[in-house]
Structure formats: structure tokens, C-alpha cells
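What follows are several structures.
Presented sequentially are two complexes of chain A, the first with chain B as partner and the second with chain C.
For the complex of A and B:
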């Protein structure tokens, strides 16, 4: 029953979408400016997609196993929260969410203050995107397919996906990915009508920050999940799926900055337009990689090659037409093409180039194995060292430009104040670095450079804040940049100074390594709602600090799977991280994996600061000056 | 020969071109340094020159082949017709089970003996890495 309603609302949405495209085209060719109908149709499309989404949630909530998607991804014994979140944890459901966000952004955009012609051309382009994906959804991955006879029980959801953070991270990631669709459509409309100007940049900036902030939240949540759920002590594994979200983030961060430059200096419009197109295209590419099943990852659940091919074709068509419009309607800057090198604009441009370089590095690392496999049937994998070796040295240079960019002016260059700033910041940075390395008692050149330049950025931001007459001025930028400085600092310290202990241990036994003492106190059994659990209780001592950690192993019953639940004690200086493993060869011993991860908490804090900066920019309409 | 603006543009293009070339070179060098090739047990039996670098090997852990000798584990990785004995020092992940698929990283000693330094297991029990599935398929063909 629900399935029929769901299917109907999707088809109604598709028909309305057709009608909208037709009605707009008619308007367009008759050169009429009557957009009321398009406006209402646009809302109606959103309403019906929303209805379909709610019906799908409902099917999952009541465990309606006559629905194929529910049968394959749910189970009646699962907690309600995971039943509902399971609806977007699978391919079909996530595509409904994808389209819903496309439609919601389209509706929201109709409230923006953009001139009617430009606004409705944007909505027209957005609805073309909706058309492509609705067809894809209905014909290749319908979420309301029915199984007959109705099975009595579902197959269950992969237990490592049963986690609160993981359940909420896809919606954030999707709002980010798909949020860039409206900027993409707006950019195409702006290019087409030759209105890619200062006003365009101004009107686009809020939408860019919204999508960027959501994307950052999504990536952050995903990486926190990877940290405590996968049990390998890391927060970023250069997994292709993680890379698929990092690539649009790099593109959008470049876009965010170049758009500010376009707004302020009326230059680089073509670059900004190109980045707007690139950001959404890479978001789509990410979706394709994750959904096509060609990636070897927990996320890749689609195993139907048709789906991958269709999305690939859609990406090709969309990007082909986007680049065609871009080339035919290449935006021109009204300003003379003179550039002062020592200005904020050119520093932003330089860092834009770094972002694009990072993007290329990550893309090559992710796509090269896929191409090699497709063309020569050779399986390879690219090690994390590839990324670290290429990104770390350039990150250091980027930090320097990032520190000085905001301290420079847009139009004029004051040599004295630059030299003064360099000396001032370098001195303070050197002093703090020496103090830090005195405590670390560990030295390597790259670690030193990483620490030095991240502190350099942090100090530059602090100086910048004090130089403002009102502290709240440029607050969004300063908080995000401050967060970024802390992020790089923590990542460097974390990468170089993490410690690991891997040993078998018996109940009652104590293990000592350097300053750390691990005592295995006892082992308990317990019963969860849909799993059995063995919990180990450990007493950890580090110097004068003593605390308990209780990692466990869970055996999920549907589907049968064992997961290792980590136990983590976070402190300001570092995390103590413990996971256990059973091994039939160790008799009464249990294998433990213990990590000491310095400044782990600060990685999460700094990502929150970056996000917080984005939020400030969204809610306070003050611009960069 | 050229006007001033053309000269400037040429300068800019050549500088950008050189920088791009250097960066591409960087990427190329790092890529070739950090690539790990994947082999199936059948591939190993067929190749003439054994790879000296670190490689990945994927297959099924043969039933009743897992043994522990002092601190070393030893087991047989198979594609159901070609067997390779693997020795491993370290901790076995809980997802490492006899009769299920596994991907290991390490180096070959000879055609029948592999020294693993990592066992890659991030996935659930029913999941089979595509490389392993391919390797098994190749063998049945």
C-alpha cells in the first residue's frame, strides 16, 4: 500500500517536473516574464519528493518487508532510530534523499533576492538536474519495489553502520554535495545571461558557505566515526570514499575564496565560474564512485553496473554542457587586467592553486587504480604515504600565504607593514616553537616545519584579531583560519608522536611499556538488544593519571557479525585508545591494541571551529572587508 | 620581436608550464614509490620474475591450515587450486577466519612462501574484496 503511494508521488513529481521544464521553455521562447507557474510547480515537485521520502521513512519505521529496500536493509529487531536512519543507509533511499535536497534547494532559491530572469533560469537548470536523477531513481533504483510474497523478516543492516554518528553523517554530507548544485545552476544561469558579475558573487556567497559548512560537518562526523568504530586508531585512512568527499571540499574551499576575491576586486570571474562548475562535478563524481560499486569500501553497496554507467553518463552530459556554456559565454572582468602581486587577491589566487594541486593529487591517487584496473586489469592500491609525501610540504607553504593574505590589502601594497608583520610573527612563532620542541623532546625537519608554520598562521590570526577596531569584524574568517591552524598543528603532532602497543594479555596480568601501564582487571558478558557482548575492563596508568577503559566485542545476530567496540579516554593532551581482539590460539589471553594519540581532541575542536566560522558567516550578514 | 604584452604572456605561460611540469613529475615519482600491486595465488605461480617489492596477495584462507609456532602464525592462502604458505608475525584481526577471504600485504620469498606484515581486514564476514572475487573467477574460467 505504502509502496503504491510512494511510487505514485515519485511519478507525479516527475510529471510536474516535466511540466515545469516545458512551461519555462515556452515562456523563454515567447520572451515572456511570467514565472508564477514555474514557481508553484517548483514547490509542488519538492512537496511530492518530500512525500515519497516520508513514505519511505515510514516503510522503514514499521518494517514493511514487502518493500525490497526495507527487506534488504532492515530487521524488525533493530532499534527504531536505526530503522529510520537505515532508510538513507542504502542506495535507493540515499538517492531519494539526494533528489529531495536538490528540490529543497531549488525551492529555497526561489525566495532569494535574485532578479527574476536569472532566478528562474537557475531553477530551470536545477530542475533539469532533478529530472536526470528522478529518471535514474524510478527506472534503475526504485525504492518502492515490492517483493511477493512478503518475507517475514528482513536481512538486517551492516552492524558497523549501526552507530549514531554514522546514521546522521550522510544527510549532512548530502546537503553539502547537493547544496553545490544550486551554485552550479546559478553559475550556469549567470554565465548564460551574461550576468556573472560582482552582484552574482554577492548573491552566491551565502549559498556557497551553507553548502561548504554542511560538507565540512559531514566529513568531520564521518572521520570521528572512522576513529572510534573501525578500531585502527586513525581518523583518516585515504580510503577512496573519504577522498571522494575531500575532493569537492577542496574545490569548494577554493571557490569560497575566489568568490570573495571576485566580489571585492571584480576579477577572476572566469576562475570563480570554473570552480563553481568543478565543485558540483566533483560532488557528482564522488556520488558515482561511492554508488557504482567499483570501490572497495564499506560504503559501496550498489552492485549493479547499470547504475554506475547511468550516473557516469549523467556526469558526462552535465559537465559537457556546463563547460560548453562556460566557453561560449566566457565571463569578462570589467576591471583592467593588472595584478599587484603583494595583495590579498593574488595570495588567495596562489592558495587556490595549491587547493587545485591537492585536488589533483587526491584525484589521481583515487582514480589511477580504477583506470589501471579497467584498462589493464591490474589491481593496485596507492599507499597513504603517497598523499602524505605530496601534501605535507605544500601545506606548509600554503600556511604561510594563508597567514599573510588577510594582513595584506586588496588594492595597494605597503612594503613596510609586510616586513614588520613577517618579523613580528616569525619572532613569536620561533619562541613558541622552541618551547614546544623543548617539551616534545622529539625532532624531525618536517615535523618542525609543520609545527612552525601552523603556529605562524595561528599567531597571524591572533594579531589580525587585535588589529581590528571591532573584534567581531571578520570574525567568521578569523575563527575558521584559527581552527585550520590548530588542525594542521594537531595533525602533525598526532602523526609523528602517536604510540602503539599490541600484546596478548591474561586476566589479572599487568603490562608496562615506558610510562604506560595496562592492567587487565576482569571480563564480563552482557546482552544488548540485537547483540551479545564481551566487555574487558582494564586499568590504565600513565604517570600519575589512572583510569579505566572497557573495550568490548559485539556479536550481532542479524546479520551475524563480530565488531570491536573501542574504549577511549580523551584528555586535552591526548587520547588513550583501547580495542580488544579474540584469538583462538592465545588460550586464556586476549589481544589488545592500545594507542596513545596526542592532541586527538584538538583535531575535533579545530574542525568544530572551522564549522563555527562558517555558521557565523551564514547567520551574520557581514562581509569580508 | 614580440610586443611587450605578448612577451609578458609568454613569460607567464612558460613559468606556469614549468611549474605544472615539476608538479606532475612530483606526483609521478610519489605514485610509483607508493603503489602496491595485487596478485592472486594463480598470478604468482605463472609469473617468471618474482616481484621484489611489497605486494598484496588475496585469496581464501584454507580450512584447517592456520597454525601457531611460537610467535609466528602460518596459514595457506588459496584460490582453490593454487596454494601459497604465509607466515605472519603480529595480531590476527577478528575478521580473519579460516574459509573466508583475506587480503595480506608483504613480500614473496619464493613461489610458495610469503611473508606477510599486514593483514587487511576492514570488512564484514560475508564481504569479499572485489580483487579476491576476481582472482577466484579467473581461476574457474
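For the complex of A and C:
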């Protein structure tokens, strides 16, 4: 019953969407306008997709196992929260969410202050995207497929996926990924109508920051989940699916900055337009890589080459037309695309080039193994070493440009003030670095450079803040850049100074390595709602500090699966992290993994600062408009 | 550069990208058939269905002359159809059978075996479908024959008498 309603809403949404496209095109070529009608149709599409989404949530909430998606991904004993989050934890449901966000952005955009012609052409392009994905959903991945006879019980959800962070990070990522669709459509409309101007940049900037902030939150939450739940002892693994989200993030960060340059200097519109197209097409590429089963990772969805082929074809068609419009309507800047080298604009562009370089590195690292495997049947694995070697040195240069960019003017160059700033910042940075390395008692050149230049950025931001007469001026940028400085600093320290101990241990035994002492006190058994748990109690001593950690193994009953729950003690200077290895028992000993990870907390704090900067910009923009 | 040339370059580029991903999608490496033939058994470690205290790994069968490995699940209808053939492989031809219970509910799986018979010498439970990915399983049911730790035969879909004959001929 719910299935029938759900299916009907999707089909009605498709028909309405088709009608909208048809009616708009007809009027467009007759040079008439029917904007009011398009506006209503656009709302109705959103309403019907929303209805389908609610019906799907409902099917999951009441465990309607006659629905194939519910049957395969849910279970009656699962807590309600996970039943509901399970609805987007699978391919079909997540596609409904994907389309819903496309439609919501389209509807929200109809409220923007953009001139009607431009606005409704944007909505038209957005509805073409909705059309492609609705067809895909209804014909290849229908979330309301019925299974007969109705099974008595569902197949459950992977217990590793039963985690609050995991449940909420995909919607954030989606708002980010899909949010770029509206900028993409807006860019195409702007190009087509030759209205890619300063005003375009101004009106696009709010949407760019919204999508960018959500994407950053999504990536951040995913990373926190990987750290606390996966038990791999890190926060970023260069997992292909993580990379698939990092690529649009890099493109959109470049877009965010180049759009500011276009807005302030009326230059580089073509570059901004290209980035707008690139950001969304790389988002789509990420979706394709995850959905087609090409990538093998913790995120792997059911692999189905037919679905993959459809998404691939759609991406190619969308990209072709987008780039075609770009080529034919190449935007010309009213000003010549020349900048004084020592100006804020050119520094932003230099950092844009770095972003694109990082993007290429990540993309090659993700796709090259697939390429080799498919064409030459060779297996290679691209690991952190590749990324560190290629990214770290350039990151250092990026930090320098990032520190000085905001201190320079847009149009004129004051040599003396630059030299003064360099000397001032360098001096303060050198003093801080010496103090830090004195405390660290560990030295390597790359670590020193990483620490030096991240502090350089932090100090440059602080100086910039103090120079302002009003602190709140440029607050968003300063907070985000400050956060980024701390992030790079923490990552360098974390990467170089983390300690790891892997040992077998039995109850009563104490293990000592350097300053760290691990004592295995006892084992307890306990019973959770849908799992049994064996908890190990350990006493950890690090110098004068002593505390207990209690990692555990959980055996979930439905489906039967054992997971390792880490136990983490966070302090301001670092995390102590203890996990029991799954299924590695040597007689009466168990294998444990212990990590000391410096400045972990600061990685999360710095990501929050970057996001906070984005939020400030969103609310400021709203007030301005 | 004229528009025409740019459009031609764009088209060629996109076609190349399409062909590349198309090839990847349809290639054997996307966990699809044939590629595993002639290769060593992938490493795996699974929960043991019959004995919770031990795990099943690929090492357990590495010394066996010939092993028939079958992916199945209680919710899979074709698995019911092929089950008598598995019983036959065990009883009549005395082959060593390993079942991999794919994304299944343990109690349903037990009911299934009680009802239709248990031909398996060992059963591992692949609750997340990871082992199936390592084997490149296309779907279930699916059957592999492993000879001296090398995969020599694969059949996608339910077994039939011809396939049973082909498997027996490998002995």
C-alpha cells in the first residue's frame, strides 16, 4: 500500500517535471515567459519527491518488509533511529534523498533575488538534472519494489553502520554534493544568457558557501566516525570514497576563492565558471564511483554495472552540454585578465592552482590503480606515502601564499608593507617554532617546515585581526584560515609523533614501552540491546598520568557480526587509543593495539573552526541580502 | 582556437573518459566472473557457522586436493533449487564442500539446512558480503571448484546436472 503511494508520487513528480521542462522550452523558443507556472510546477515536483521520501522513511520506521529495500536493509529489532537512518543507508533510499535535495535547492532558488530570466533558466537546468535522476531511480533503483510473499523479518543492517555519526554524515555530504548542482545550473544559465558578471558572482556566493559548508561538515563527520568507530587508529585513510568527497571539496574551495576574485575585480569569470562546472561534475563522478561498485572500500554499495553505466552515461551527457555551453559562451571579463603579481587576486589564483594540483593528485591516486587493473591487469596500491610525498611540500607553499594573500591589496602593491609583514611574521613564527621544537625534542626537515608554515599562517591571521579596526570585519575568512592553520599544524605533529604499540597481552600482565605502561586488569561480560559484549579493562600510565581504558568486542546478533569497539581518552595534547584486535588470540593472550595520537582533539576543533567560518559567511550574506 | 576544435577536443576527451570507465565497469576486475580462474584462493577469514569459537580461513583448505565452495543464503530461492545437487555432490561423489552463507540470518540459515539437509563440511558466514567481493561473486548462488588452492572452475547461478557432471569430471 505504502509502496503504491510512494511509486505514484515518484511517477507524478516525473510527469510534472517533464511538463515543466516541456512548457518552459516551448515558451523559451517563442520568447514568451511562463515563469509563474514554472515556479508552481517546480514546487509541486519538490512536494511529490518529498512525499515519496517521507513514505520511504515510514516504510522503514514501521518495518514494512514487503518493501525490498526495507527487507534488505532493516530489521524489526533495530532501534527506531537506525531504522530511519537505514532508509538513506542504502542505494535506493540515498538516491531518493539525492533527488529531494536537487528539488529543494531548485525550490529555494526560486526565492532568490536573481533576475527572472536567469532564475528560471537555472531552474530549468536544475530540472533537467532532476529528470535524469528520477528516471534512473524509477527504472533502475526503485525504492518501492515489492517482495512477495512478505518476509517475516528483515536482513538487518551492518552493525558497524549503527552509529549516530555515520547515520547523519551522508545527508550532510549530500547537501554539499548536490548543493553544487544549483551553482552548476546557475553557472550554465549565466553563461547561456551571457550574464556571467560581477552580479552573478555576488548572487552565487551565498549558494557556494552553503554547499561548501555542508560538504565540509559531511567530510568532518565521516572522518570522526572513521576515527571513533572503525578502529583503524586514524582519521583519514585515503580510502577511495573519502577521496571521492575530497575532490569536489578541493574544486569547491578553489571556486569559493576564485568567485571572490571575480566579484571584487571583475576578472577571471571564465575560470570561476569552469570551476562551478568542475565542482558539480566531480561530485557526480564521486557518486558514480561509489555506486557502480568500481571502488572497493568500507563504503561499497551493492555493485551493479547497469546502474553504473546509466550514471556514467548521464555524467557524460551533462558534462558534454555543460562544457559545450562553456565553450560557445565563453565569458569575457570587462577588465583584461591581468593582475599585479603582488596582489590579493593573484595570490588567490596561485592558491587556486595549488587546489587544482591537489585535486589532480587525489584523482590520479584514486583512479590510476583502477586504470592499471582494468587495462593491464596489474594491481598496485596507492597509499598514504604517495599522497604525503606529493601533497606535503606544496601544502607548505600554499600556507605561505594563504598567509600573505589577505594582507595584500586588490589593486595596488605596497612593497614596504609586504616586507614589513614578512619580517614581522617570520620573526614571531621562528620564536614560536623554536619553543615548540624545544618541547618536542624531535626534528625532521619536513616536520619543521610544516610546523613553521602553519604557525606562519596562524600568526598572519592574528596580525590581520589586530590590524582591523573592527574585529568582525573579515571574521569568516579569519576564523576559517586560522582553523586551517591549526589543522595543518595538528596533522603534521600527529603524523610525525604518533606512537603505536601492538602486543599480545593476558590478564594481569603489564607491558612497558618507553614512557608508556599498559596493565591488563580484567575481563567483563555484558549484554547490550542487540549485542553481547566482552570488555577488557586496562590501566594506562604515561609518565605521571594514569587512567583506565576499556575497549571491547561486541557480538551483534542480527546479523551475527563481531566488531571491535575502541576506547579513547582524549586530552588537550593528545589521544590515548586502545583497541582489541578481532579474532587474533594467542592462547590466553589477546592482541591489542595502542596508539598515542598527539593533538587529535585539535584536528576536530580546527575543522569546526573552518566550518564556523563558513557559517558566519552564510548568515552575514543572508543579512546583506 | 576555434570553437569547432575545442568542441572536437571536448568530445574526444569525454568519449575517452567514457570508454575508460565503461571498460572498467565491464571488466573482470569489477568483481566479476572469469578473472579468478587459474588464480589462488583469495585470503579470507570468516566466522564459523558450526563452531563459534573457531574461524574459517582460506588456510583451512589449502592442503585439500579438491574443494567445492558454494555461496548460498536461506533467502535465495534458486539456492533451494540447487540444494539437492549439493547433497548429491557430497553423498554420491564424496567431495569436500564449503558453504559460504552470504548476508544471511543465522537462525533462518539453520532452518534451511534442517529442512533441506546439510551437505557442507564447513560453513563460514559472510555477513557483510566481503568474502563474496574477494571471490568476485556475481550473485548467489555461485559455485567454485578449488584444486590445490587454485580456482579451476566457476558456475554462476543454481547448479544443474550438467554442471554437477562437469564438477565431478574435475576430480
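Everything that follows uses one rule, which is that the second predicted complex is superposed on the first by the 615 of 625 C-alpha atoms of A that agree within 3 Å, B and C clash if a C-alpha of one lies under 4 Å from a C-alpha of the other, contacts with A are read in each partner's own complex, and residues count from 1 in each chain.
The rule we apply is simple: contacts are C-beta pairs under 8 Å (C-beta built on N, C-alpha and C of every residue); 3 or more make two chains touch, one makes a residue touch a chain.
Because the structure is a prediction, the values reported are computed rather than measured.
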Tell me which partner A:341 touches in the superposition: chain B (first), chain C (second), both or neither.
neither
- Based on the superposed arrangement, let me know which partner A:581 touches: chain B (first), chain C (second), both, or neither? first
Touch test for A:376: chain B only (first), chain C only (second), both, or neither? neither
For A:466, is the partner it touches chain B (first), chain C (second), both, or none of the two (neither)? neither
> Touching A:591, do we find chain B (first), chain C (second), both, or neither?
Replying inline: first
Looking at A:386, would you say it contacts chain B, chain C, both, or neither? Reply first, second, both or neither. first
| request: For A:29, decide between first (touching chain B), second (touching chain C), both and neither. | output: neither
Going by the contact rule set out at the top, does A:319 touch chain B (first), chain C (second), both, or neither? second
Worksheet item: Which partner does A:364 reach: the first (chain B), the second (chain C), both, or neither?
Response: first
Footprint intersection on chain A (chain B / chain C) at 158, 294, 296, 559-562, 583
In their shared complex, chain C is touched by residues of chain A numbered 151, 153, 155-156, 158, 288, 292-294, 296, 300, 303, 305, 308-309, 312-313, 316, 319-320, 323-324, 327-328, 370-371, 373-375, 377, 558-562, 583
Interface with chain B, chain A side, in the complex: residues 158-160, 230, 232, 294, 296, 298, 357, 360-361, 364-365, 368, 378-386, 389-390, 502, 553, 559-562, 564, 581-583, 585, 591, 593
In the complex, the residues of chain B that touch chain A are 23, 26-27, 30-31, 33-38, 56, 68, 73, 90-95, 122-126, 129-131, 134
Counting only contacts in the complex, chain C reaches chain A at residues 3, 6-7, 10-11, 14, 17-18, 20-27, 29-32, 45, 47, 55, 75, 103-106, 108, 125, 127-128, 133
